[in-house]
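Starting off with a structure, shown below.
The letters A, B, C, D, E, F, G, H, I and J name the chains in turn, as written, and every chain counts its residues from 1.
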Amino acid sequence: MLFQVEMTVKLPVDMPADKAADIKATEKAYSQELQRSGKWRHLWRVAGSYSNVSIFDVEDNAELQELVSNLPLFPYMEISVKPLCRHPSSVREDDS
Amino acid sequence: MLFQVEMTVKLPVDMPADKAADIKATEKAYSQELQRSGKWRHLWRVAGSYSNVSIFDVEDNAELQELVSNLPLFPYMEISVKPLCRHPSSVREDDS
Amino acid sequence: MLFQVEMTVKLPVDMPADKAADIKATEKAYSQELQRSGKWRHLWRVAGSYSNVSIFDVEDNAELQELVSNLPLFPYMEISVKPLCRHPSSVREDDS
Amino acid sequence: MLFQVEMTVKLPVDMPADKAADIKATEKAYSQELQRSGKWRHLWRVAGSYSNVSIFDVEDNAELQELVSNLPLFPYMEISVKPLCRHPSSVREDDS
Amino acid sequence: MLFQVEMTVKLPVDMPADKAADIKATEKAYSQELQRSGKWRHLWRVAGSYSNVSIFDVEDNAELQELVSNLPLFPYMEISVKPLCRHPSSVREDDS
Amino acid sequence: MLFQVEMTVKLPVDMPADKAADIKATEKAYSQELQRSGKWRHLWRVAGSYSNVSIFDVEDNAELQELVSNLPLFPYMEISVKPLCRHPSSVREDDS
Amino acid sequence: MLFQVEMTVKLPVDMPADKAADIKATEKAYSQELQRSGKWRHLWRVAGSYSNVSIFDVEDNAELQELVSNLPLFPYMEISVKPLCRHPSSVREDDS
Amino acid sequence: MLFQVEMTVKLPVDMPADKAADIKATEKAYSQELQRSGKWRHLWRVAGSYSNVSIFDVEDNAELQELVSNLPLFPYMEISVKPLCRHPSSVREDDS
Amino acid sequence: MLFQVEMTVKLPVDMPADKAADIKATEKAYSQELQRSGKWRHLWRVAGSYSNVSIFDVEDNAELQELVSNLPLFPYMEISVKPLCRHPSSVREDDS
Amino acid sequence: MLFQVEMTVKLPVDMPADKAADIKATEKAYSQELQRSGKWRHLWRVAGSYSNVSIFDVEDNAELQELVSNLPLFPYMEISVKPLCRHPSSVREDDS
């Protein structure tokens, strides 16, 4: 089941550089693990911003909450969520 | 080059049913042609709405304008556009 | 799986009274059928408005879309959707 | 008498971890006491966020104010309130 | 129990003058009956607008909904509602 | 001459408790003095918030500015102002 | 006593040209009468728009309401009002 | 050439009182110099706020930028700008 | 003197096709005349929309108002204006 | 390929003056290098603000992201992006 998730990172400007680097490295590893598992199906940068557009593929709302709330950057992000499903005009049989 | 395009359809409530059906049929054919050509890479319905989330793959801004402004439903939609590119944490080499 | 759905009805002020009555009667029957089936778990009026707050219990996003987009008042409503899940502080084992 | 209450937690990112843990533990106990008393009828997490959707069942506006303003997280939350009542299309006799 | 209700009238500019006059006359009579009963405790015009600020004194949310939704101008107004209660700094014992 | 004034208190979450208590005590005394003088005609709490709805009765705009800007909580509040006058449908002769 | 009033004209695009011309001529005469009387102290066009910024000098809120609600274009305008008074840094003794 | 400029002061609540007093004194002197030169034609307080409405009379956009960006409170203000010109219904020959 | 002007066209969906074509043709001719005169320095389409971003080079605010309010599409557009001037980091001596 | 980029600088008011000066100097050098290369085609100040309107000319979305995210002021700015292309009414053959 798909969700579009948009995330905008708002790190405090006075966060020490090494702390920021640590969080970002952990975030990257966590994100790549989810991408490889197929849970985080797409991840794009919005050009000219510190935002991304993502497509998550989860079992249900509870799993979405678990994955998103465990993002290392979760306390520093503005996040919006839209539930998605197959569009009747899609040329594909599934939701890809 | 990718763009996220979000479209919300606002058909006039007093549009004759057959005219609405005609426009929707033309829109569907046009959309499916673009999907098959690879220009309209993803098309999802936002659950609980008359909106979609789409990913377009175009040569440049001018082609995006050409494809979107020729949508049969273009005069009846609210549309927002975000330019996308590969995210540095993506596990893929390209922008898929 | 739960979704909060908020609906605000915006009937055209010049809609003939009998047409409006027809749509509302069909909406009521459809709503009550869904309530009895358990799909539309809660339905409350927002006091001082022509809006409701609803809780839907569906299989997945696709079923939410099917139920909501078939509402007889769907073309006349502003609708917002929030995916819900069990809260970690809830005293209940399930999502009720 | 019912109210829908939506709360979004905005803890300062530099709050010491043990202080945050203390507040959250107190909040959880307070919330569960109110849930057991029947005053806090429903409590759901909004998936992908640090927000909840709640239904309060109180005597009057003054009791709502008393319960909400005593939440341990009250100084750290954005809160919106909507008064609810039985919907004329509800299949139930009461406001459940 | 008190509610602040703000109403902004948006009559269609092409409504026939006599129909508008009829609705306004019925609205005035209905409003004055509620004011005399004590249910509509205060009614003020917002200067420079076609809006009012009102204070309703009702039994509960359901009565608020009944009174407001029966306003003859209800289909033509934007309405917002805030539940009120006695302020701890008020010099009065009651909510006046 | 009446004004509706809505105030929302936003105290810094790290303000020392005794400083906050001092400001609130001064605010309460100042508010009650104005209420007793008749300048601050009504003061209500908005249920579920740290906001109030107030009705001021002043000589002119300059007096409103003087009274509001001298509130001890003035630097910590979001404030909106609406000028009021007697409504043509009011059952009273004056603006009460 | 001064008020800043900002008005944006939204004439229906299908209003007959002669009706629009009539309303505008009446508006102009009414506006110029108020300007000459000193009630409408300043009137400026916002460049690139169908809006104006105005300064009214009235006895009280009730007179502001009377003058503004009698504008021939009143049903076709979005209007916002701000009460003004002498600024403590003004070099003038009065509110000019 | 006229511009309407609206400024809202947002001083940090923890700014030392003497530093705030210094900035305000410098601002006042700067403002009064510009008022006397005729560049800052009007300056009004918005009643019930820490905002002002101002009318600037400058040679061109560059001068507006120079005057406004040199305000001692510039780093602490939210500022909006509207270009103005003579209104066709004005009773005056110039833009006063 | 430069202004950025953003225009979004909102033609009524029921405007007869030939009337729309006439307006657009007149708009195009008018726009091209202003471009050739140097008054309308740049004109770009916003990709995926019926909007443009324009740079006007005018004598003063009054000329901006004259040029913009005479656009044949003026009654059908939402327009926003920003005054521009040379940026201190620009590599050019003038405002180009 | 063109993009309009609007940037508003929000430096922390407590940033040490020499640090701010350093960042601004680096920003200016970076900006001028991009302007000379033709990538940053136009740079204008919005009069009365700490904002600019810019036109970037880049190969694709990825280059836009690279250039913008490397701005020394990037962590301190609110940035909005609009993709542009040649307007059908432009008198020029290219996108200038």
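We adopt the following convention: contacts are C-beta pairs under 8 Å (C-beta built on N, C-alpha and C of every residue); 3 or more make two chains touch, one makes a residue touch a chain.
Since the structure is predicted, the reported quantities are computational estimates derived from the model, not experimental observations.
Engineer: So if I look at the partners of chain B and the partners of chain G, which chains show up in both lists?
Structural biologist: Neighbours common to chain B and chain G are I.
Engineer: Can you check whether chain D and chain E touch via the same residue numbers (shared by over half) or via different ones?
Structural biologist: The interface of chain D with chain E is built from mostly shared positions.
Engineer: Compute the rotation angle for the C-alpha superposition of chain D onto chain J, expressed as a multiple of 5 degrees.
Structural biologist: In short, 145 degrees.
Engineer: Just how far, in Å, is the C-alpha centre of chain D from the one of chain C?
Structural biologist: That gives a centre separation of 22 Å.
Engineer: Please report how many Å separate the Cα centroid of chain G from that of chain J, as a whole number.
Structural biologist: Centres of chain G and chain J (C-alpha means) sit 39 Å apart.
Engineer: CA centre of chain A versus CA centre of chain G: separation in Å?
Structural biologist: 50
Engineer: Which whole number of Å gives the spacing of the CA centres of chain E and chain G?
Structural biologist: Taking the mean C-alpha position of each chain, the two centres sit 27 Å apart.
Engineer: Among the residues of chain G, which are close enough to touch at least two other chains?
Structural biologist: Counting only residues that touch two or more other chains, chain G contributes 2-3, 45, 47-48, 61-62, 64-65, 81, 83-86.
Engineer: Can you work out from the touch definition every pair of chains that touches here?
Structural biologist: Final set of chain pairs in contact is A-B, A-C, A-D, A-J, B-C, B-I, B-J, C-D, C-E, D-E, D-F, E-F, E-G, F-G, F-H, G-H, G-I, H-I, H-J, I-J.
Engineer: Which stretch or stretches of chain J touch chain I in the complex?
Structural biologist: 2, 4, 27-28, 31-32, 35-36, 42-48, 52-53, 82-91, 95-96
Engineer: Give the list of chain A residues in touch with chain C in this complex.
Structural biologist: Touching chain C from chain A are residues 1-3, 60-62, 64-65, 81, 83-86.
Engineer: Can you list the residues on chain H that touch chain J in the complex?
Structural biologist: 3, 5, 12, 61-62, 64-65, 68-69, 74-76, 79, 81
Engineer: Give the list of chain E residues in touch with chain G in this complex.
Structural biologist: Interface residues on chain E, with respect to chain G: 11, 13-14, 45, 47-50.
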